[in-house]
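Heads up, the thing below is written out as structure tokens.
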Amino acid sequence: MSLTDYFKTIPDIAYEGPESDNPFAYKYYNPAEKILGKSMEAWLRYAVCYWHTFRGTGADPFGGATLCRPWEDGTDSVDMAVKRADVVFDFINKLGLKFYCFHDRDVAPEGDTVTQTNKNLWTVAKRFKKNQKATGIDLLWGTANMFSHPRFAQGASTTPNADVYAYCANSVKEMLDVTLELGGQNYVFWGGREGYMSLLNTDIGRELDHLAKFLHMAVDYAKKIGFKGQFLIEPKPCEPTKHQYDFDAQTVIGFLRGAKLHKHFKLNIETNHATLAGHEFVHELEVARVNGMLGSVDANRGDLMNGWDTDQFPNDVKECTHAMLSIIKNKGLGQGGLNFDAKVRRDSTDMEDFFHAHIGGIDVYARALRIAAKVIEDGKLDGMVTDRYSSWDAGVGKDVEKGKHDLVSLQKYILKKGTAAPNQSGKQELFENVFNSYF
Amino acid sequence: MSLTDYFKTIPDIAYEGPESDNPFAYKYYNPAEKILGKSMEAWLRYAVCYWHTFRGTGADPFGGATLCRPWEDGTDSVDMAVKRADVVFDFINKLGLKFYCFHDRDVAPEGDTVTQTNKNLWTVAKRFKKNQKATGIDLLWGTANMFSHPRFAQGASTTPNADVYAYCANSVKEMLDVTLELGGQNYVFWGGREGYMSLLNTDIGRELDHLAKFLHMAVDYAKKIGFKGQFLIEPKPCEPTKHQYDFDAQTVIGFLRGAKLHKHFKLNIETNHATLAGHEFVHELEVARVNGMLGSVDANRGDLMNGWDTDQFPNDVKECTHAMLSIIKNKGLGQGGLNFDAKVRRDSTDMEDFFHAHIGGIDVYARALRIAAKVIEDGKLDGMVTDRYSSWDAGVGKDVEKGKHDLVSLQKYILKKGTAAPNQSGKQELFENVFNSYF
Amino acid sequence: MSLTDYFKTIPDIAYEGPESDNPFAYKYYNPAEKILGKSMEAWLRYAVCYWHTFRGTGADPFGGATLCRPWEDGTDSVDMAVKRADVVFDFINKLGLKFYCFHDRDVAPEGDTVTQTNKNLWTVAKRFKKNQKATGIDLLWGTANMFSHPRFAQGASTTPNADVYAYCANSVKEMLDVTLELGGQNYVFWGGREGYMSLLNTDIGRELDHLAKFLHMAVDYAKKIGFKGQFLIEPKPCEPTKHQYDFDAQTVIGFLRGAKLHKHFKLNIETNHATLAGHEFVHELEVARVNGMLGSVDANRGDLMNGWDTDQFPNDVKECTHAMLSIIKNKGLGQGGLNFDAKVRRDSTDMEDFFHAHIGGIDVYARALRIAAKVIEDGKLDGMVTDRYSSWDAGVGKDVEKGKHDLVSLQKYILKKGTAAPNQSGKQELFENVFNSYF
Amino acid sequence: MSLTDYFKTIPDIAYEGPESDNPFAYKYYNPAEKILGKSMEAWLRYAVCYWHTFRGTGADPFGGATLCRPWEDGTDSVDMAVKRADVVFDFINKLGLKFYCFHDRDVAPEGDTVTQTNKNLWTVAKRFKKNQKATGIDLLWGTANMFSHPRFAQGASTTPNADVYAYCANSVKEMLDVTLELGGQNYVFWGGREGYMSLLNTDIGRELDHLAKFLHMAVDYAKKIGFKGQFLIEPKPCEPTKHQYDFDAQTVIGFLRGAKLHKHFKLNIETNHATLAGHEFVHELEVARVNGMLGSVDANRGDLMNGWDTDQFPNDVKECTHAMLSIIKNKGLGQGGLNFDAKVRRDSTDMEDFFHAHIGGIDVYARALRIAAKVIEDGKLDGMVTDRYSSWDAGVGKDVEKGKHDLVSLQKYILKKGTAAPNQSGKQELFENVFNSYF
């Protein structure tokens, strides 16, 4: 089924196996295939993102738009928005995926008044609902763009301008309503302007209080309207602000705990944001996981030699396998998924390129899932880890874990023993060799 | 009064004012002078640190010891430790300071057994007590070195070896006892090995649970023995481990909240650790402050072009003024202070050099205090900040702060208004110019 | 004299001395005042840059334009370009400065054909010539923007598209002609797209050959038309490309030497580009200086906690004093100058803000010049450096410098001596304290 | 053949193929197997490095030695040095490798006088010669350690102390003699202390002149004694100094060109040094290659989340494949090779661990060679690159390459054409997908 003709020259992307050299086929992603008792599709829950893929122009801070799409008429009108909605669903369909996700401003333009802006959004949402029914494609999550318009330049819910705060309340309320209407499974906050450019002119205590209040209002409103989606916060250390409040997973978790919001939120971890914060991607996943807050993933990659958000499509199988190991330990992402918050390079100007980009990203994670499953089924690495901690499974270690010790009793134990048993080797290189053997 | 003769060629370091060009005098630090109603000494509470200043050798990963001190006999004996204790107090006296701080292993060598190790520590502690009485110098804080010995290579309270955990219990118990005995005002945890080298061989969930348990035991023991000092945690992102659990202020705060330990701890913020984590020093201070957890400061600096802990003496008046503004807003550091966790460069081989280093560091913060006080007394910058947030002092902003709004009522407000009032200029450059005018 | 009315509410910016608290006055910049035998104006040769200051919109990768200027009519027409030219000269006049600098595309829009594009440029250039005469303001340098238009997305003189290379030849030829016509004193190359996004699709050997050829053509053409201005290359490590060929000063010098171009070029060092490359600003200046290639400076600053080009106005007096020490050792910048390649923050939306920004930047360098002059006049630091190297002023050191030694004779010397004389202390902390005493 | 008994429990490491799960076997390295017409052994020329592998103790800046080897007697005597030489050759033999490399101070202790130091070196060198004959193992390169001893704290050939310079002359002369005697194929300079800690106390112009003179003396002496080995310089940006003069490949090339030394030197590129300088490893290889100066490789890896030299064993097949592609384009490394300048983690305390580490590193590069060969044999990626530059193979592009154009003629061409032909897509994502398909 096809809503438009724009991709008629592109074949439906299907699984052909690792030997295929067809650039328009999956070599690893076989949606229905069972891995560890669940279909690949169910593990991976890929989503196409509206912003980069359908609103990205290739502009960067030093140059203008390079990407011209044949369906665009050069306007940011509601008509164009509705037409574009059909193209998007066709694209997702071509890829054989099941989810999309968007910000309010990706899909519908602002109007002259807030009232008109809201109306524009609902016009497009209506088309989405129709297209969802027609295609079986679902909404992974919705969110409000509270960072692009100049009014947000100094913050959204952390703005010094109380009117802007009220404006944001309207945005989130409407997008919660829209997300509910479209059966969206999550609602995301990314605080692109929630931070500061200079501490000299910023009252961070006051701003953080406003942020906490705002999130509470969103939680309360969701409850009121019966929205059962998962709330997610997406950490990022900086850019566009000098310093964002949601620096990394631990920062967000700490903030949520302090604001008594932690039961209502999980985290949406992005690869490129992790590395900008000085953490490996898997570190952020693990931090979220061990705190019970791993919710969803922005599947992209950064360039570790560059200090900004390059938002490239994932292509490092090893990094993604690390990630999938964490996700499998988390028993999957629940209502969350893997959305491609990634953009083709600005000189990848062919329409085919955004197929190549998605196919590559999809296959890298699919391959990573296969490898991670093998690692887990083998049990070799897990066994080595268990051995490494075996002193905690008996004797004094076990007693500590059971809460039977204090400093005095532990001192007594070690004084009697005279000194500590020597450490076993950490064997990091062997761990690395074994891990490498799965690739 | 002098316990030894080693510094007889160095004059007592005294205040001579900004016009002095005597390298062995303070140009800004005048201990008794009142600034904002409190003596400089009371604001700054400088401490000499034992490790770098008296146990540092100038060795680095690519070369050996360069610093030879005339009082050292080349041994790590208890006798040498006792003798060194006298030199340390003489040094602090020369500088006219009132505090020192140390790790157990800085001051006393390990013995063949834990029992002997503890005994060695108490032998030196006895000398400290005597010297404290003789000089009026107090202990700012104590801590246990649980990172240098090979037994800690894989962690202290996050070790896979339960015996090492018990060993650490002894270390902390003894150092709490010693700190109590010496009237120490704080007790610090810096988890140099509490982190991981590789996630492949690490169970971070289990390790973090052990860490939480350990800190609870320390809190319980302190209560039991009547230790009233403040517990402090010192964040650092990495080094020596690839990734330390106590990455930065927010990470530690979040962890403490999750472990229900936050009422018992404050933070000890180090300049160089802040910047290694991707934060300005003042950011970390502000994060701690607005969370009510700013406790003490490791006054040093890093090299922003280098990716490791250079632990240089502070010398950027502007950075330190930012810091003092935060500290003054915090009404000072309470029981905490500014300790010089800083080392002379390895080619600064003269004995005079560590005087120059301390004099420089002391004067930079003293100057910063003077400037920060002027900024605050003038009120110009604070006034500009208050103006910037004025929309929160009345109308809808005030009502939001009072909890009178929800998403629906805010939407109603903004729909009625049609759009948000425009933002005032953030005026960052003017803020910067005004701030610069104080230097 | 005023060409337009746009700044009539802003006073002429004049020197009022350090005690002034007038935000629209210089506290340190007194153009005619003599410092080290030369006027401040002659040392500093400030230039206003056209692009950020008059074409910047406040847009960033996550949000749109925030800066609205009253003279803009919303078009990119030639008429608007001519009108804008008057405003620019008024602005420079208000500040009491003597130079401006621009890219072709800052000042005149592209036409439908190359011919039209060239014509547009000359139309505006004519107005510049008139305004220069009327105001006495001169052109510090000209350059061609070969990075913004999509045609340059894959490189300018390093493009895989030979037509684009020819296009660039036209751009540089025209801008050399224009620069000559306007009496411009330098011509700058900044290779924003001369680099790569991925090594997988790049033939760097071939691209570098094309670049060398291109620069030779420019040199040859300049000779042909009698252009006596200095050619400059501006290093930058990355952004917009993943990796620019002109990474840093040493890279450029090495490239120029390899291409036999080094006699024809000097460097234009930018503060923010230096730190992005992992160097202090003064390091880059010194590298250029000791290689006889320090030509001009982009006076801005970066944010060392952020990994992209923030292009902020300079405001660190210490960093700028380091810079001025290097520039004074270089006997000034010759035909070069200090241009403010810096932009107001996007939330600094008042027209006054770009005055504050320039006044701040001008005063910071003026203050730095004053301090650097004092450091040099005192001679204390230079004397300490000379002492440190004194072993090279006599004996074996002097002989080595004179070329009287080889490995064998030096071995003989040291074998006879048995071992090397011990090092003097490097006394870095004393150097730092002495340097700090000038602020 | 075995010189000692220390490794008798370890099997000879042999090729068993990818299916093997024997941790003491190669899965990819099959020395005699031909790849692209040359044996794997000839392509890879692996060398064991003496320093990390046989003199590393596991100490780091925050903790002491963790690695105890059974053959060590706790002394740094000449006897121990001779004994150790046998163990080293046994180790290399066990791995089936053909090369080793060392610094003077790795293999023989300093004596009380320079004369004695030289004598110690020759005593061990004699044993090396014997062991080389007995085992067929050769010396890849020699070098002098001019960074560890305190005398080098302020520089070696860039020292302010002329005596130290003379001392270094002796070191290099002796090591050139030793390298010649042992048939060493290269001689390496790594300037660990050739840089600065502070620009305030440093005369970089004078220091760089001394460095250039020193290298000329080495070149002259080599000629005199008939040493035919390749001179190599190993770039590193910083650590232990704040800033090393040999920052990266381009810096070194530029310096060598300026000093007229470029015909005598090639580069020894280290993975971890590349990334510390802000470059991908393959970037540094390519820069060296296209300048005709790729000589040898320090095969290790860094941790991109950490800002210091972690010197880990290579384990990223993709990074190494990129590297091998460059090396193959270079037609191999000539007299150079791949030495494992890498150390086991300090908690990898078993003797087996350094076998695991080397086996892992050897296999990663062997696998990379196999993949790179396949990429090259397929020709698909190279063909895509050639296509991308096709506009340079005919018409105006070809004429430019032939030197037939200048700015005027190119302008004429483009004016006539009216505008440039549009760019082809750069197709980076397709390139990445194709590259990924080889793994």
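Chains: A, B, C and D, in written order; residue numbering restarts at 1 for each.
Quick note on the criterion: a contact is a pair of C-beta atoms (placed from the backbone, for glycine too) under 8 Å apart; a residue touches a chain by one contact, two chains touch by 3 or more.
On a predicted model such as this, the values are computed, not experimentally measured, just so you know.
Engineer: Please state whether A-B or A-C has more C-beta contact pairs across its interface.
Structural biologist: More contacting C-beta pairs are found at A-B.
Engineer: Roughly how many whole angstrom separate the Cα centroids of subunit A and subunit C?
Structural biologist: 40
Engineer: Would you mind pulling out the distance in Å between where the CA atoms of subunit A average out and where those of subunit B do?
Structural biologist: Taking the average C-alpha coordinate of subunit A and of subunit B, the gap between them is 36 Å.
Engineer: Could you list which residues of subunit B touch at least two other chains?
Structural biologist: 150, 153-154, 197-198, 238, 243, 278-280, 305, 345, 347, 349, 423, 426-428, 432
Engineer: Based on which chains touch which, is the overall arrangement a line, ring, star, complete graph, or other?
Structural biologist: complete
Engineer: Hey, which residues of subunit A end up touching subunit B in the complex?
Structural biologist: Residues of subunit A touching subunit B: 113-115, 150-151, 153-154, 159-167, 169-170, 172-174, 176, 197-206, 208-210, 213, 217-218, 220-221, 237-238, 243, 247-248, 250-251, 253-255, 257-258, 277-280, 282-283, 286-287, 290-291, 322, 381, 384-385, 388-389, 391-392, 395-397, 400-401, 403, 405-408, 410-411, 413-415, 417-424, 426-428, 431-432, 435.
Engineer: Subunit B touches which residues of subunit D in the complex?
Structural biologist: Listed in rising order, the residues of subunit D that touch subunit B are 58, 60-66, 147-150, 152-154, 192-193, 197-198, 238-240, 242-243, 276, 303, 305-310, 345-347, 349.
Engineer: Given the complex with subunit C, which residues does subunit B contribute to the contact?
Structural biologist: 21, 23, 27, 275, 278-280, 304-305, 313, 315-318, 344-345, 347-350, 352-353, 356-357, 359-360, 363-364, 423, 425-430, 432-434, 436-437, 439
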